[in-house]
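Consider the two complexes below, in which chain A is the common component and chain B and chain C are the respective partners.
Coming up: the complex of A and B.
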């Protein structure tokens, strides 16, 4: 059939200049760069000592459409696995009960971190002036929203499909009484979103993500698998695939300020403070969750810490930033000392304060005690003996009338809370590096457990006004505080937290706590 | 026993707040309360567990009084004391500009917040001023951060050492 002259002309033209059937992502990215969005004179809403360069590049060069396609595939795999095969094989009930409790802490707390990271990366988007850098931060904002949902979902999944839902389903209501909450908010919230915008990036991306997500999000999958948990690796490894972009964003943040003279004055101080802030909480808490919150052990926390934090991050990652004047934090060496004993010290206190939590804790078994002693020589003499005494006094049995907190009081070992990190410590009974230092300012006393934190407080005291549970509940009886702080299960009388995970063991109620007559007192008042 | 959320302190202050009827009264009440009970420089700790909640309730009331009394132009441009917000902000910025000492800068910034934190100053002026003051303060604070040993730093900050173990 004959074709018209016009059609022929069009066909001939297309043969020479073919219409695109697909467009490469890099091609689109180059095209986007041709937009001369002028953010140079944009003023940010946030304070910062640094000036980010206007020509900073971004490594991933990912456009929104590509991003959405990639993430939807990851979500399909993740939710498909959870809702189909893992539900059919009743995976949530195959998790070791101790690990089930650990996931109450890990997923609830990480959800808070991810939520604050949305705001943190939004703040960085606002502070940056380079279009590519803004694009990188934008991708991260979307990631953090996804991760918040994922953490919420894994709690929902555990609560719906698994064992002992209390704590998975509504942990946040106990935030006023749980002694781990405030420290977590210090690292995951305050550290990410308050103060200098670039310092927040250092907290979030350079330390939180480049340093601690490896132990937090990667190592946790190994511990989870070893303890029968197939859900957590499914979700957390999906999260971790996005973290690379965040680490790259942290790297680019440093690159963007490398030529700013402010960097030579402030960057290493901000990095040191950010590292100390993050490690002061994560080093003991992650070690405690892995080792004391599991039955089957993967490796000693000190080895994990040494590999990921000291060698990989402090050496290799920070080493790569050396050309921009970045140095390994001066506090890294002190942190290394904490990595050996701090989590053992913290578990002793956490178990003593168990009624204020939202998860169940378990004393080490004889088999576990052997593992601790083999990997941490000297563990038994310091901690093992104490746990034996507590067990002999019936600390797991509601009829015993014994709370381990009484042991600290009887033996004159007061528990203090570090004003800066909000982490509890007992200076008279610890093997970690904590030392008691108490300062009085305008008539109010403040306790600290290390010189790095003390300096941070002396430099900007208005940043660390958070009251601790001893100040808040001074003179109040424990069962009243638990009831007021929503630490009860849906029957209105049984505590969410328990000092055992024995399915046949009786659960402690508010009446059991009340009859002990434990009253909060602030140790700083005695000084 | 009264619990932490419902106690005689809060009841007493709720009643005082309910008695505020004008922006002028609210302004004086809020600035006095902040001077006495808010900030790291406070010396009165009698409301230690309640000041934040009470301050929030006063702010809520002042915002409502402001909404009732101010016209649109006043709402955007005036502080609750009646002064032009940008003028008040400029004075604080000029003080900070001239400042070279981190402790003085800290005072300027904290006092600005005590005196001007919304609803006293409109947010459009407050937030940008706060950003500029904060930037200068952080620059002064972080310069030579480790210059003083802790012993000296404690003296400069004016703290009493209760115990060092």
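Coming up: the complex of A and C.
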């Protein structure tokens, strides 16, 4: 019987390249490469404007056996710590209540990012033509599955073992009303899996992972430890042990296109778009979680950002690629301004919109206000005095009848949603790099907070059609929307989110919100 | 007292308040500056504590005077100019058990720079591997 061409090729290759006698992983890896699989004429469903070279390497020389052994040891160490000593010492109840709330956001949102990264790296596996590069991407698919499970597990652990489970257990059900969800989906989902395959790699691996996982997954463990949380370092530092291979995958994506003509035309624009897309969300949200969601401060967020994003990612990754034509991102100046101020702007709005969230927020104490002013001169005049006014009006007390959102309305400071990033902003009361610009398309108005997102929208406006909460719920009363959007605890009347973390303070209910009579309106209609 | 330029809180990071803001927003700092340093984050574990304390800060300390190692709660943070190398054959001898480069990778949490393995050696370098320098394949003896 005639054998197939593929079988013949494999048989011939085996005749020339005998299987190694040793089982050394690197020797086996070398032997496997000698098969010279030909993916040069690879047909992919996921096209790219770049031509990816087919001799690109994978830097860690992984084979499946070593991969599986390595990952099983990681899991053994992680689950062993969590289920033995950390449970025995009641670690989840030793976490500061403010940080407990931050972890509802960080771990739930990271879970979504990891889940979408499975699809992203599967897509890249299909697009690449180099066998080793494919191997690197395939390992990453498996990693992302592991990370999705790890994030799900830490939420489960916090919910089961710790304090105030609501929000840890089922945050995703509030995704329609929570103002942070849609921006997170833009950065963690759309940016990773939509459009040109190499652009997706730049978003996910070169920027998302090589740059922002360092504050998001590494630096966060310093804040966690300082605030009594020993579970997050155990899990997140284990997640990050895979991220270094993902960073290498992103770098090798760039290596694979470095000699392609398209790189000189498009790479800097794609890099700048990816940098702005990722920083627009991560910069304010992480800063807010670290500083406003902690009791014990490690360092000002702007310093964390300056170290990991500007000096190290900027200098060691991007700066070193300068001789290959890679430029400093054009949006860096605005990103730096955001790193200093945007998380303060976002917390002001997040606190004002607290009933729509799935976690509890706390106003800065007098001691914290001093810390903010010392590290961000000008903070008190812009933000501190507003919080004092809100506190004096009883914003934490359900009997007060006061929601901070009213302050924005009374003072004519409308809150808009940036169409591209989906991040809320208040152009008349902010210190970050946000200014209002409005464009019309297909009979609909669109607000933008910056020229970088506006440019991306102008090139493909149909990509950014997601309705924001003001459009979606215009004319609807707030308590009705919260009930419809599953923003309630298991008693069916108490809100998941609260404007305080005081264990003895009364929790707001749907009735407390209803009596205020707050109705959604779309600020774009007033223009 | 002077501080190593590779330290966690070196340079601008020592400044606070307005002094920090002035340098942070200075015109020359609105673009990235090329750096030939590398950063390594090692998850604390029995083996990695040994690698840090006995090898990098012990027997190999004189080999790279630019290397800084800092204890950041759950992890060791390392920064050096040029490169950092860990030979797992040497680690095996110290631990008294087989310890491959893949065992090391179990606890290597993050890398800024080009990291790769060759045989039983883990390297993170400021060199542009695959662009300026070819990534070597493993050669059998």
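General observations
To be clear about the criterion, the second predicted complex is superposed on the first by the 503 of 527 C-alpha atoms of A that agree within 3 Å, B and C clash if a C-alpha of one lies under 4 Å from a C-alpha of the other, contacts with A are read in each partner's own complex, and residues count from 1 in each chain.
Note that in this section a contact is a pair of C-beta atoms (placed from the backbone, for glycine too) under 8 Å apart; a residue touches a chain by one contact, two chains touch by 3 or more.
Since this is a predicted model, take the numbers as computed values, not measurements.
Superposition note: with chain A as the common reference, chain B and chain C can be accommodated side by side. In the superposed pair of complexes, A:472 makes contact with chain B only, with no contact to chain C.
Shared-chain residue A:460: touches chain B; no touch with chain C.
By the touch criterion defined above, A:318 reaches chain C but does not reach chain B.
With both structures placed on the common chain, the touch criterion links A:480 to chain B but leaves chain C unconnected. Applying the stated contact rule after C-alpha superposition, one finds that A:310 touches chain C and leaves chain B untouched. In the superposed model, more residues of chain A are touched by C than by the other of chain B and chain C. Applying the stated contact rule after C-alpha superposition, one finds that A:226 touches chain C and leaves chain B untouched.
In the superposition on chain A, no contact is made by A:494 with either chain B or chain C. Of the two partner chains placed by the overlay, only chain B lies in contact with A:196; chain C stays clear of it. Closest approach of chain B to chain C, taken over C-alpha atoms in the A-based superposition, is 18 Å.
For chain C in complex with chain A, the residues that touch the partner chain are 8, 12-13, 16-18, 20-21, 24-25, 29-39, 41, 43, 45, 72-75, 100, 102-103, 105-119, 126, 128-131, 135, 137-140. Within the complex, the chain A residues that touch chain B are 43-49, 176, 195-196, 262, 265-266, 269-270, 427, 435-445, 451, 454-455, 458-462, 465, 467, 471-473, 476, 480, 484, 527. Put simply, chain A touches chain C in their complex at residues 20, 22, 25-27, 29-30, 33, 56-57, 59-61, 66, 69-70, 73-74, 77, 210, 213-214, 217-218, 221-222, 224-226, 233-234, 237-238, 240-241, 243-244, 247-248, 251-252, 255, 258, 302-303, 306-307, 310-322, 324, 328-329, 332-333, 336-337, 340, 374-377.
Put simply, chain B touches chain A in their complex at residues 1, 3-5, 39-43, 45, 48-49, 106, 110, 127-128, 130-132, 134-135, 138-139, 141-143, 145-146, 150, 153-154, 157-165.
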